[in-house]
Each structure stands twice: as C-alpha cells, then as structure tokens.
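To keep things clear, I will list the structure first and then write my remarks on it.
Chain naming follows the written order as A, B, C, D, E and F, and within any one chain the residues start at number 1.
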Amino acid sequence: MIATTDLPLWAAILVSLFLLVGAGLTLIGSIGFLRFKTFYERLHAPTLGTSWGTGGIVTASILYFSITGGRFVFHELLIGIFVTVTTPVTLMLLARAALHRDRSEGKENIPGSQALKEPGATLIDDRK
Amino acid sequence: MTTPLSAHLVIAPILIPLITSAILVSLDERRRVAKSLVSLAALVLLMAAALELLRIAIGNGGETVTTVYALGNWPAPFGIVLVADRLSVMMVLLTAILGLASLIFSLARWHRAGPYFHTLFQLLLMGLNGAFLTGDLFNLFVFFEVMLAASYGLLLHGSGQVRVKAGLHYIVINLGSALLFLIGVSLIYGITGTLNMADLATRIPELPHEYRIMLEAGAGVLGVAFLIKAGMWPLNFWLPPAYTAAAAPVSAIFAMMSKLGIYIILRLYLMLFGEGAGESAGFGHYVLLYGGLATVAFGAIGVLASQALGRLAGYSVLVSSGTLLAAIGISGQHVTAGALFYLVSSTLTISAFFMLIELVERSQDAGANVLAVTMEAYGDADEEAEDEEVGVLMPGTLAVLGVCFALCGILLAGLPPLPGFLAKFAMLSAMFNPAGLGADTPVSMATWWVTGIVIFSGLAALIAMTRAGIRTFWASIEGVVPRVLVIEMAPVIGLLLLTVALTLKAGTVMAYMEETARNLHAPSGYIQNVLGLQRIDRKEVETP
Amino acid sequence: MELVLAIGIGIMTGSGVWLLLRPRTYQVIVGLSLLSYAVNLFIFGVGGLKKNAPPILPDSGVVNPATMTDPVPQALVLTAIVIGFATTALFLVVLLASRGLTGTDHVDGRETFK
Amino acid sequence: MSIILPYPLLTAFLVIMWMALNSFSLGHFVLGLIIAWVASASMAALRPDKPHIRKPFTLMWLLATVIFRDIVISNIAVSTIILRPRKHAPRPGFITIPLDMKSPSGLAILAILVTSTPGTSWLEYDSNEGTLLIHALDLEDEEALRDLIKNRYERMLMEVFE
Amino acid sequence: MSDNDLLLILLLLPFLASAALAVMPAQARNLAAGVAGVAALTALTITATLYLSVRGGNVLRVTIEWLPTLDLNFALRLDGFAWIFSMLITGIGFLVVVYARYYIAKDDPMPRFFAYLLSFMGAMLGIVLSGNVILLAIFWELTSIVSFLLIGYWHQNAAARDGARMALTVTGIGGLCLLAGLLILGHIAGGYDLDKVLAAGEAIKAHSLYLPALVLILMGALTKSAQFPFHFWLPNAMAAPTPVSAYLHSATMVKAGVFLLARLWPALSGTYEWFWLVGFCGVVTLLLGSYFAIFQQDLKGLLAYSTISHLGLITTLLSLGSPIAAVAAIFHMVNHATFKASLFMAAGIIDHETGTRDMRRLSGLFRYLPITATLAMVASAAMAGVPLLNGFLSKEMFFAEAVETHADSILDRALPYVATISGAFAVAYSLRFIHTVFFGPPPRDLPKAKPHEPPHWMRLPIELLVMACLIVGIVPGLSIGPFLHTAVISVLGHNPPEYSLAVWHGFNTPLLMSIVALISGTVLYMLLKSYLAGGEDGPPIFRHLQGQRIFERILVTVSWKWARWLEANAGTRRLQPQLRWLVGLGFAAACVPLYLGDFQPRQLSFTEPDIVFTLIWVIGCFSALGAAWQAKYHRLAALMMLGGAGLVTCLTFVWLSAPDLALTQLLVEVVTTVLILLGLRWLPKRQERVDDSVRFVARVRRLRDLLLAVACGAGMSILAYAVMTRPAPEAIANYFLERAYSEGGGRNVVNVILVDFRGFDTLGEITVLAIVALTVFALLRRFRPANDSIEAPEQQRIQNAYDDARPDRSQGDTVRDYLLVPSVIMQWLFPVIITFAAFLFIRGHDQPGGGFAAGIAMAIAFLLQYLAGGARWAEDRLRVLPLRWISLGLLIATATGMGAWFFGYPFLTTHSRYIELPFIGKAPLASAMFFDLGVFGLVVGATVLILIALAHQSIRVYRVKPSEPANEEKI
Amino acid sequence: MSLVILSWSVTIAQIALALAMACACLRMFRGPRAQDRVLGLDTLYINSMLLLLTYGIRVGSPIYFEAALIIGLLGFVSSVALAKFLMRGEVIE
C-alpha cells in the first residue's frame, strides 16, 4: 500500500531505522510511565517520547518525504520544535501542581511538605 | 445584465433577519430605541416580503406557483434549494405575523430584560423561515439548529430559576433530538445518496427491499426527532414548562416553533410516504394518528389540570399539535385542508393567549412578575435603566382583557363561530366524508376516535378556560387593574382580529388551504419544479 | 475495519446513552459529548470507509470519483461538529446557571423530586 | 527598527515557518512576511519580557550539544532503567539548586533543556530565593547533575541572556 | 327593501345593537335602554311584517356563501315555525328590555347587560332562522356562551359564578355532542342544508348510524332544555338577574332544545329508539320537575322546576311521534313562554320590592302589590292549567294524546297516570306560589320594609303577557289559530292532522283528568301547607340527591383530581424519564422497520484487518466506558477519558481519509476541554458515597438504564455495520468531486462543499455559533454561583495562606512563580499560533484547513494568553472585541453571498479566477475565500466570547446572600 | 525490497506506538492521582501525534501532517488547563 517505488534501499533502511528507534523509545517511555512507582518518577518517562521518540520519527518523515519528493522538505521539523517547546510547559505546571497537592496533604518525603503545615496554614479540608 | 432584485425574493425571509441581527450585534446594548426601530423595520420588511411571496404563490389562475431558488447556482439534487410554495409561504407569512405581534409586545418591557433580545429574536425568525423554505434535508437540520439555538437564548431571556430549570430540560431534550436528526439524515443519505427532499421522493419508490427497510429505519429516527419538536406524547413533557417559563413575547413566537415540527412532518410524510412511495406508502401513519390522539388526550388532561394560565396555554400547544398530527395520520386531502386551517388559527390563538396571560396575570400579584423578582435578586446594576415603561396606558383595560380572554377561550375550546370551530368542523366533516359529502362511505374507526377526542379536548379547554376566566375576572378582588400599555394590548387584539377575519373570509381561506392540500397530496408539481430548475448559464451572463 | 468501527460506535453510543440517563448535569454533558462522537462517526461511516482516499483533488483537478471517499458525509460531519461544539458550550453554561440558581447539579434542579 | 519590526528573530522564524509549511517561493515569502509582521506586532501587544540574545552562537551550540548529546545519553540511560528488572531500581530523589539567572527567557530555555532531558524534571522555581527544585530519576551522581545544570547550562545561558 | 334583506337585518340588528351597547359608558342607562328597546321593537316589527311571506306554508330563504366547499353557508330560512319562535324571541325580548330598564340597579352597568341580552336575542334568532344545521349549531353554542355571561352578570356573587359555569358546561357539552350528531346527519343526508336533511328523513332513520346520531343530537337538545338527567343546571341558573330568567330560562333558550326536536321531528321521529329515548327523558322530567317544584322555597326555584316540568311535557309530546302531539307541543311552547315569562317578571318584582325570594319569609303581599298579585295569579292559573287560560288548552291536548296508544309499551300505558299526577303537582305548586306569597298575614322580617307597586313601566310587560294568556285562552281560534297553523304546516307539511283549538270539547277523558288534577292538586297543597311553611329547601327523599352537587363533585373529580393524577402519571416533570422515552423511542423507530422488514444483517467480514486501527479502537472503547464509569465521582478523570475518546475519533478520521474532520475535531476538542474545565469550578464537590448504590430501587433503575444503553449501543452497531458495508448508492457526491476544481475553484472538495456547494449550511452553522455565543454571554451576565462555590478554590486559599504566613513572601507569589517560566513560552507561542491560523485559513480551499479551523486556532492563541497571565493581564494587553468579530464575520459572509446578485446569480454563487499579483505571480482568488473570511471572523469572535465570558466569572465579585433557605435542601 | 523493509518497519512502529498509547491510556485509567491521569492524556496525545506521522509515511501522503502539527502545537493547551486546574482550582484567574 505504500507508494515507494522510487525509494532506494539505503534510504529505506535509514528511514526504517529512525522510525523504529523513535517508536521504540516512545514505547519504552510509555512502559516506564506505566511501571514507575511514584508520580515524580513517572514524570520522566514520557520525555523519551517527546525527545528522541519524536526526533526519530520526525527525522524518518523528513528523510522519506525529501527523498520521495525529490526535494528537501523539513516542515516536520516544526513538529519537533513545537513538541520540545510545549512539553516542558505541561510538565512544569503539572509537576508543580502535584507538588502542591502532595504538600497540602502532608505527604512524607516531599520537599517543602512541612512548610505548608505551619500554623496559620491549616486549611485543608480533605474533601476530594 | 442583472436580474431584478425581486428574483431573489425567496431568500429575503432568511436574509432580512440575518442581516438585521448582524447590525443589531454591532449596536451598543444601551441604544435600545435604535435597536427597536431596526428590529421593527426588519419585521415590516419581512411581512412585505412574505405577502409578496404569497401573492406570487397564489398565482393568477388559482394554480400554485412554486418558486425554486438554487443557492450558489447549483441545480437541485446537488446544491441547496429554497422552495416557496403555498405551504411554505403561508408558514413564512404566519411567522412574520406572529413575529411582528410578539416584537411589538416586547417593546413595552420585555426587550429590556436582558441583552440581545432583538438579535436572538431576529435569528429565531431566520431559523424558522429557513426551515420552512428549504428543500434540503440537511439544510433543514441547520435551520432547525439556528432556530433552536435562538430559542434557547430567548427561553433563558430574563434568566431566573424557573427559566433556567426549564431551559436545561429543553436544551437536553433538543440536543438529544438533534442527534436523532443527524442519525436519520445520514442514514437516509447513506441509503439513497441524496439530501434533496424532492430527489428523495423520486428515489424512494425504486429502492430494493433491503434498502427500503433501512431507509424506513432512518425515516423513523428522523420522525422521532420531528415529533419531539412537534410535541407528540410521550415526547412532549418538556414543552409546557418551557413555554410557560419563557417570557410572554417569547412564548408567543414559540407557538410557531412547535408548528415547524408539524410542518415538516406534513411536508415530508406526504412527499416521501404519500401514495407514490410504492411499498413504503403510508409508512408510520398509525404512529401519527394514535400518537396524535394520545397527545390531544394528554394535552386536554393537562389543560384541565393546570392551575396557572401559562401551563394551560402550554398544554393547549399540545392539544393543537396532537390534533394536527392525528389529522396528518388520517391523510386525506380534505382533512389536510382543514388541518391547515386549524394550524393557522390555533397558532394565532395560542400566540395571542400567551401574551394575554402575561397582561392578565400582571394584576394578580407582584410574584407573578418574574421579571421584577429576577431583577431584584440578581440584576446587575448596569443592566436595567431606571425608566419604567413609557407609553400610552390602555383605556378600559379590564373590559378589553376580558373580551380578549373570552375570545381566546372560545378559540381554544373550538366554540363557534371563530376559526377554532370552523377548522375542527372542516377536519371532522372531511373525515366523515372522505369522498365528499353525499358519498355514503363507511365511517372509519379512526374518525370516531378523532371525533371523540377532539370533542373531549374542546370540552376540557372550555371547562379549564371558564374556571380560569372566572377566577381571574370575576372572583378577583376589585380594584387591582393591571398597568397595560396600548402597545401590549394591540398585538393581542390584532391577532384575535385576524382570527375574526379568518372567520369572515373562511371561504377564501379554505379555498387556499384546499389547493395547498391538493399540492401536498400530489407532490409531483413540487418535485418537477425543484428537479427541473436549470442553472443560470454563466457564459450567457458574463458576456455583455 | 467496518466491524471495528461499528463496535466502537456502538460502545460510544452505549456509554453516552447511559450517561444521558444519569441524574447529574455533568454526567449528561459528558454523555452528550460521547454521543456526538458516535453520531459524527456514524455520519462519516455512511459514506463508506476508504483508506487514503481523501477527497482532495490532485493538481490537475481531474479525478476518478471511484478512488475517492464520499466528501458529502464529511461536510455534514464538519457542520455537525461545529453545531455540537456550540450546543455543548451553551449547555455547559446553562447547567452552571442552573447549579448557581438552584444550588444543586441535579438535572431537575433539586435533589429528589417530590 | 523596533517599531516596524519589533522582533526580528521571531519574524524571521515565522517567515521560515510559513515557507516551510507552504513552499519556498517568492510569493509565499511576501505573504509570509506580511503575516509574520502582523503576528509579531500582535506579540508586541503582549509586552513580553524582551530577551536580548548576546551570543546567538553560544545558544545554538548549547542547544545542539544538549539535543544531540545530553538527551541522547539520557534517553539511553532512562531506557535502561525502564527495561531493567525491578530489583535494579534507580534511586530517585529531589535536589534543590540555587540559581543566579533571573532572565525569564533564560529560565525558559533552561526549563526546556532540563525537561527535555529524560531523567530530570523541573518542579518548582522560587523567584524570591532563586532556587530551583528538580527531581531526578537516578541520583547516583547528584554532584554531576548539579554541576551540569549550574555550571554548564545556567552559565552558558547567562552568557547569552544577561 | 326585500323580505330577504329584512330577514338578514332581523338577524344582524341585535348584534349591531349589542356592539353599540358594548362600547357605551356604564352610566348611560337611559341611552342603553333606549337603544336596546328600539332594536328589540324594530326586530319585533320586522318579524311581524315577515309573516306575510311565510303565510300558507311559504318559506323565506336567504343564502350567503361562506364555506361552500364544506357545505357550510350562511343560510337563513324562515318558515311558520321559525316565525312563531321569532315572534316569541323578539316580542318577549322587547318586554324584557322594558322590564330590565327598571329592574337593573343603579350600580350595575346597564349597557353591558343590554349588550349581552341583545347578543343573546341575535343568537337565539340565529338558531331558529338557520337554514343549515351547522349554522344552527354555531348559534346554538353562541347562546350558551352569552347565557354564561348573562347568568354571571352579578359575578361578585359566588352562586352566579357557579351557576353560570355549570350552565355553560352542561349546555356546552351538549352543544359539542350536537355538533357530532349533526356531522353524522350531514354525512347521511349528503349535506348540511336543513332542507336537505329534512328531506332525507327516511334515509336517516334507516341508516346504521341513526342511533349514534340520535343520541348525540338528543344530548344537545336535552341539555339545552334542561331535561332529565341534565336538568340540574337550570335551578342554579336562577342566580341570574330575573329578566334573564324570564327571557332565557322560560321563554327562549331552554326552548331551543325542544325547538330542535321539533325542527328535526320529520327527520328523526317515529322510530322506536326515538320514542323510548325522548319519551323516557320527557316523562321523568315532567314528573320530577313538578314534584321538585312543590318543595322549593325560592320563588325562582319553584318557577325553574316548573319550567323543567313543562319542557318535559313538551318533550314527551314530541316523543310520541304523532302529528297531533307535535301540534300540541308547538302550541305549548308558545303558551308556556307567555305565562312563565310573566311569572318570572312577577317574581322579580317581588324580589325587587321585598328584597327576598324566600317563600318562608314572604306572606300577604296582596295588600301591598294588588295589581302584580292579580297578574301573577292569572299567570299561575295558566300554569296550573285552569280553563279559559292558554295553559289549559295545550294541556288538554297533552292529556288527550296521553290517553291515546302510540307504541304499546309500559311507558305508553303509564302516560295517562303520569300526566294526571304531574298535572296535580302543577296545581299544587301554582297554588303554593299564589297562596304563600300574596295571602296570609303581613310579612314580618322582610329585608325591605315597605314593599309597594313597581313603576308602571316595569309592570307593563307582565300585563301584556297576561293579556295574551287570557286572549289565547278565551279565543284561541281567533288569536293564535292562524299563526299556529302556519307553524304546524311548516313542521308537519301541508297535510296537518285535524286538531281543534276550541275551549270546550265536551266532557271527555282529558277534562276528567284535568278535574282530577285540579282537585287532587288543591288537596295536596292543603296537606303539605304546614310542612312547606317551615320545611327545608328541596323535596323530601331527594333532598340530598341534588343533581347539582353530584355534577359539581363529578366535575371536580374528573376535571381536576383525575386530571391532575393523570397529568402527573402520564407525564413527568423530571428529565430522566423524558430522556428514557426519547432514547427508547429513537431505538424503537430504527428497530421496528428493520424487524418488520425482516432485516438480514450481512455476513461479518474480517477481511483486511487493521491491527493498529483495532488497537486504537480498543483504547477508544475503554476511554468511552471509562468516561461513563467515572463521570459521577471523578469528573476530571471522566473529562480526560472523554478527551481520549475524542482523540481516537480524530485518529479514525485520519485513518479513513478525512483530514479536515480530524483537524477540526482536534481543535474543537482542545477548546471544549478548557471550556468544561472553566465550568467545573462552579460545580459542587462530590464525594463517593456507597449508600445509594445498594438501594434496591436505584439498582433496578440502573439495570433498566444499562439495558437501554446496551440495546442502543447494539442497535447503533448493527445499523452502522449494515450501512457501511452496503454497496454505495448513486450519490450526489460524484457531482461534487467532478466539479469542485473546474467550477468551485478548489481542490479540497470538503472545503468546496462547505463554502460553495453547500455554503448555505455553513452560513447557518456559523449563525448557530454566533447565537450560542450571545446567549452564553447574556446568561453569564446574570450568572450567580451557588453559595458553596463563591469562595476561592481550596488550593488558592492554601497557597495564599502560605504566602501570607511567610515573611519573605506576599500573597500571589506562589502563582507568580508557578507561571513565571511557562508563561514565557506560552507568550512565544502566540505569534506562532497566529501564523499557523493564517496557514490553515489560506490553504483551506485546496488542502485541509479552512476558515473554521483557522478561527478556532486563532481563538486558542488568545485562550493561551488568558491561561498564561490571567484574565486581567490578558485584557490589559489584548483588546479582543468579540462582538465586533461576530458582527463583521456575519456581515462579510452574507455580503459575499449577496455579491453574486450584482452579477445576476443567486445568493452564494461563487466566482474564482486567477489574478496577477506583483512578486507573487498568478494567485487564485475565489469569492468563496471572502465567505471563509467571514466564517473565520465569526468563529474567532464567538469562541473567544464564550471562553472569556466564562473565565470572567472567576474575577467577578459576588454578593454573598446571608441566607437562602431554598438552597439548603441538602440532607 | 525497500518496500518490504519500509512496510514492515512502519507496521512495527505503528504497533509500538499503538501499544504506547495503550500504556498511556492505562495510566490515565489507573491514576491513581489526577496528575497521573493528566500526564497520561498528554502522553496519549503525543503518541497519537507520532502515530499520525507514521501513518503519513505509510500512505506516502503529506496530507495528514497538519493534524499532527495541531497536536504538536496545540495539544498541550488542554493539558496546561488541566494542570492549572489542579494547582489553582481554576483555569483562568
């Protein structure tokens, strides 16, 4: 079903390599995401997918379309850029939120957890 | 070479409110006078357009002239067409009339109860007119949604707990029905490959069996969506609360909305499942007939059980809808003619009644005035200017209100001589004599049922209206005369006078309805007109 | 593929209907959203399923219609998506208003009826 | 310059983005320029903190090494951790790093770098105290990490932005 | 002026006068009376002159076309019978007007009274003059309505209101039945013209629908004429002003029923059913009415029951089916009208002068009102059937008929005795009327101390009527004879039976019966005298069996209690049952045709399996189920799973060649998620509770819902599978694919459909969006959160408290630090997203994208800045004027559509051509692009408006209301 | 040959990505906390974006690129909103 009549073998191998690396990293990241015990550990896992997971597949795509199209196209690179720039936003905001929630619940082993529990800061009603 | 503007008259009932609303949005909320004037001018234009369309549709020799307008210059089964025939034009005119009446009524106070009243009002009219004029099934969906969206806004106009609660139910039900609509339309498209109503009518008779039953499934689902709008029992419990909760002028125009469901059932049922539909002819007519009867019965019971006038009016909408559904289910040409007459008269009546109720109840106590309560509790300070309604007070208020109330009662109960009676008589007489007077055909069981239930509903309305009228006008403590302005009373009187005019010119009106019904039952003229329309040739026009 | 999609549509419909019949406004709005996915997919499906046959013409503009998927259902779905979005927004605000005015998020505006 | 073209780098990026998305033709250059100009002007309306990139090449060098070296390495490291059996569990933990950099843009780049590198995540930046809280997946070598962020990333970024 | 015109004028005159009276001021008493009197007198004169044209059996007909297709025309028909009735109506009408002028008190609005009275006169004339049975029914109901107003004239009085309502209800029911009956009659006769109906008599009687028609018509006639078992409304109608009673309840309206029976006599009578139905009601009414009359304490009550009884007499006569009986019936109609009207007026004078109508308080009034008393005595005698008075004549005819054998049956054989007994009762109550009121000791405790004779004008009508009784009673042949003859031949045809109007027929059985009745009646009165003087109101035995009370109770039960119960149980005000109906019926509507059509699903095909697609859908299904599972207690989780389902939907669109849909769905997905999140803040907190899941009822309900959900899901699956696997029909799609480029100027066919082929849909669709945005905005301006969500969210309170507690921090530091770095990136993205939106817009016509997608993307760009900096921050920098965008968008789209007009094309016709641009070269320019621009603008405006309006709720300051009990319902 | 290699690798990559999506989805289900779910959804988005890219290679058409681009550029917006909701109880202050 793939219209790749004009793709040379080396290119096919290269594209496949990048593809498999990218997809593999993403899968590993997601497995880690599933396996890790705490939220803060899990936070690391998806970045495999957003870094070289994405990188691999974007590269594969650029290679593939540049070679089949006969000219260099790199608009996929934009995806890489955007993902790299936007993922930190999500992760930062989320991590800080998790920190807040853990602190306000007084979880052990969380930096700053005691600070919230100081007198004057009692406010947690533990609904929800 | 340009065609005259009048060639585009068919689309005027849609564009006039659309453009008006766009202008209204850009006007500042505080410029109420300007907004009112723009809105009023639009309705006058709309009325003029509708009358002109009516004149065209009647034609010279009494034969219907069906005007087809191909949007984007794409011919019929492919592009969207607007079709102005007797029925759609009549509905558009009725919309314009109710619209004008409600708008005038609202100018006394209601249009100030929240932002964007005029805009939403115009868009509601646009939705209604579009739905009446379109010849395309999916475009119908779009206009249904335009109308519904505007109706949500209008129903919630003025806010307050009652409205919001009723509005919530109303919205959920209609979202559900929109989904059914989509399922139905897409199924029909999947089976027949077309969305044009006329084209559908030509394709249905040729469908093989397997396709036909799937088409019927689609039509069934679509039918449920329409029946929700028309208010058939047991899909109508949302209707009385919603219509009651809405502000009076809104309820008054809502009276037209339930008729849209009826209109579309009438049109599609007769066009798609009329006698020419082959194996599918008469599909689901029992549902319409007995569902309609159940609706009348339920509506009548509700009318009896209503303490508040608003609910009574809401249930009257159901009675009216049910009667029409049952009449469509009977599916005889003369019955349809009577039903059309009934449609017009009952819509005018209910609309007038909704407005009247607000005026009548105004005298009872401050609690009845939802507006005042809402304003007091939740109103933003910037919302309401201090000006109390300015305008000429109605002289002889109580007497006028009383007379109008009595007329409404007579109309709702179907008592003679007003059109409520004439229309019921026309329907029943046609049911008893399907082949015309003098042909002693056996009277069908359905006829007995309809007769019985129609009489029962009339009786229920009579009892309830007397009860309510006595309570309101006779038993109330003297001295509390409501403040009613002339511009509030005028639309009520106007609508009621129209019913009187319908009585006096009943012969002419019935002749129109007969011809309309004939066209509906023999839709080949409509179909030929729609499918036969040629595109305007581009080259011909471009070379000067 | 048809089978998978059909089952998927069925499950989305089922979940949506279940939620639609629940008493909390939030459940209803989620249910309606699920139902509109299902219905959109259904509309889309009636055009027939074709892979890699988007109704986008080549530069020449000439095309064999048989190689392309039916664009009409897609156009209908687009309209349906927009209208669905609009009505979801509206419903959301109305349910908020109802919650504000009645104090509860029950669809009937009170906890237990009667 | 600043009125007509308030963000030249941004505008350039947008023009390239436009042409990458459409095509590298004169027509699209002109069109892209117009659109990029409008977009930059609207950016100006936001009145953001306007970074002054002193050493663009240092920045590019930093980015390149991070992307092609640090991130690759940590990709491998984290993959190993994940694929390793449970008993070889890593030693995750929090570390607080005092930062001297105040430039929001510099911090943003730092955040991107830290976050994009698997194995470290940015948790909290306290602007009053100038400290950064980080979570590391494997704290085997805490000092190395501290050193990487403080002395390499932060220092280079401060060179670029401050 | 021709007779035809006169006839028309006769009918219209009362209505015109009524209309004139309706607008007169309440003080214009004399003017009102004058107008009414002149109108009535004119009507009387016209009627009198019209005699010439009906004499000898002629019929005067006027027909004005009204609803010719339905055979309902404004047909008037004056024959002898109608003429004699018209005389009664106009004549007594005139007298009542004169009487009422003096009767109606100063405080009551006289013009209104006369307006009602004259409309009634018109309606009544309408009944008798109708030449079309439907027209007759119309006037019939009109009399009911006007009588309602007349009885309720003193509506301050509860009895008047109740009486009015009951009269209307009963006669209204009757009228509706009558209409149904007439419909059947018209069906059989082949038309509604009276002549046609009368001519079809034999066909009618032979028809299978004769009995239903008869019963329905009788329902009308018997209710109107207050016949058993519908008699009870009449005594209650006595709350009406006396002129009304005199006019409606003796002379005219109650006669309408028997008039109709007589009118349709040729068409309906003479059958077994007729005899039994009509006869039974008549006889029972005759007897009961007279019996009840004896025991009334209210003067008007006595007269009312007497009227009932006399009408029963007429009904009985008509039931017999013999022509002579019919003659007697017609004669008695006239006679009864004269004496009963005068008696009512006399009763009115007594009431007027003494202030009471209670016979226990009235006594010896002869000394105060000698003339009135004399007149009343004569009229009473007529009522009792004393010789030399008109009542005697018709009663003799009745007795004569009673002894004849008609249809050999119990009823027939009992008739002579019933007649005699009722005659005796009539004597008794007539005697009572006279004796109690006028004789005996002077009254003691009258409300008005000094009764005296009324003004002469008030007495004049009685004098005239009593004179008529005497004249007819003494010289019947000379006075009433010819007129009666004219009436009789108009009902019975030109060969009427032999009848004699002589006063003396020799000593025969009827006379004997009269004598027996006179004597036994007198004796009966003597016996009952003392009982009656102190007795309760109403007859013994039946006192508690009051028809009126039973009726009221039934009415309340049926029309209120049952109705409310039914309304509550056949309907619901709850949402869930309604949705269950909706879903269930939608399901049924799809399934029933399939089931009936014996639908065979296709063989499942597993060819071309797509593992990835299947995996995606596994995720999709789990997400959907998860959302359903979590939506109650874990809203956020459900929202995310909903997002998962949406994502799978997008992937499906991509997989199956719908890139445009995927784009749009993705964008909408983002906005919807944010929107719902914005709303979540205002919903109540919910804790997982276990108790409600174990309740049995709840479980059953859930099981039912689950089954419904499963059924719907399965149904959709089957339907979807069936429609997806069927061979594609010859669709309109090919047309679009073929012309999208050549005529639509675009290569993205979906987009060309949206902006060109079906651009009208899009116009509607964006209108919906605009409407919703405005509505949301309007609604949120009045938004008021629930008490328990007014406070800032818990997180903010904790963080603020933390900031406050630390000396080195100030409130807001936490959130500032939180967003410090992310917001920088989010700001960078602002121009990027704008550029991207432009990209989506520009290429839309040829590639996936378009105005809608671009608009949403643009809105997200704005949204992101609100997220980054908060509403105040964003609005400090960006002045988005969403309303402008909406208005402009709508105008641009519409104007583009109208632009085609200038080239002579219909709305929305597009033009595309290539234009030469400097630097750029040839560029495509389609007018559809402008349309899309409108779409873009509107979508940006609407989306932003919705989001902003919702976001602003958080920064609004709400007044906390101290207590609101309605909201404290929580248990 | 290149066709075989490429089609196999694309298929494997797609399956891997779909499995990755399944993992993310599972995390979204299991939680245990809201932040885990948000992260799950975000990962789901990214993974599906990559899947779209591979789909583009598979069918050799750049037409599906925009959908991936939208996820890449705008997919994070809903995650941001969710995160902010967790942190502040409110999305826009």
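In this text, a residue touches a chain if its C-beta (ideal position, glycine included) is under 8 Å from a C-beta of that chain, and two chains touch if they have at least 3 such contacts.
These numbers come from a predicted model, not from an experiment.
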Ordered by label, the neighbours common to subunit D and subunit E are A
Taking each chain's centre as the mean of its CA atoms, the one lying farthest from the centre of subunit E is chain D
The chain pair with the larger count of contacting C-beta pairs, comparing B-E against C-F, is B-E
Taking each chain's centre as the mean of its CA atoms, subunit B sits from subunit D at a distance in Å of 62
Chain centres from averaged Cα atoms put subunit B and subunit F apart, in whole Å, by 48
So, in whole Å, the Cα centroid of subunit A is separated from that of subunit B by 56
Each of the following residues of subunit B touches two or more other chains, namely 138, 142, 145, 149, 152, 156, 159, 168-169, 172, 176, 183, 187, 189-190, 195
Where subunit F touches two or more other chains simultaneously, the residues are 14, 17, 19, 21, 34, 38, 40, 59, 63, 69, 73, 75, 80, 82, 84, 86-87
Subunit C residues touching 2+ other chains are 20, 25, 42, 45-47, 51-52, 54, 56, 72, 79, 83, 86-87, 90, 94-95, 97, 101-102, 107-108
A full list of chain pairs that touch reads A-D, A-E, A-F, B-C, B-E, C-E, C-F, D-E, E-F
Interface with subunit E, subunit D side, in the complex: residues 7, 10, 14, 17-18, 21-22, 26-27, 30-31, 35-36, 38-40, 42-43, 45-49, 104-105, 107-108, 111-112, 122, 124-129
Listed in rising order, subunit E residues that touch subunit B in their complex are 65-72, 134, 137-139, 141-142, 145, 148, 152, 155-156, 158, 161, 164-165, 168-169, 172-173, 175-177, 179-180, 183-184, 186-188, 190-192, 209, 555, 559-560, 563-564, 566-568, 570-573, 575, 577-579, 581-583, 585-586, 588-594, 596-600, 716, 719, 722-723, 726, 728-733, 735-736, 756-761, 763-765, 767-768, 770-772, 774-775, 777-779, 781-782, 784, 883-884, 886-888, 890-891, 894, 898, 900-910
In the complex, the residues of subunit E that touch subunit A are 685, 687, 794-795, 797-799, 801-802, 804-806, 818-819, 821-822, 825-826, 828-829, 832
Counting only contacts in the complex, subunit E reaches subunit D at residues 808-809, 813, 816-817, 820-822, 824-825, 827-828, 830-832, 834-836, 838-839, 842-843, 865, 877-878, 917, 919-921, 923
Counting only contacts in the complex, subunit D reaches subunit A at residues 17, 20-21, 67, 71-72, 75, 78-79, 81-83, 90, 92, 94, 96, 111-112, 114-124, 133, 135, 137
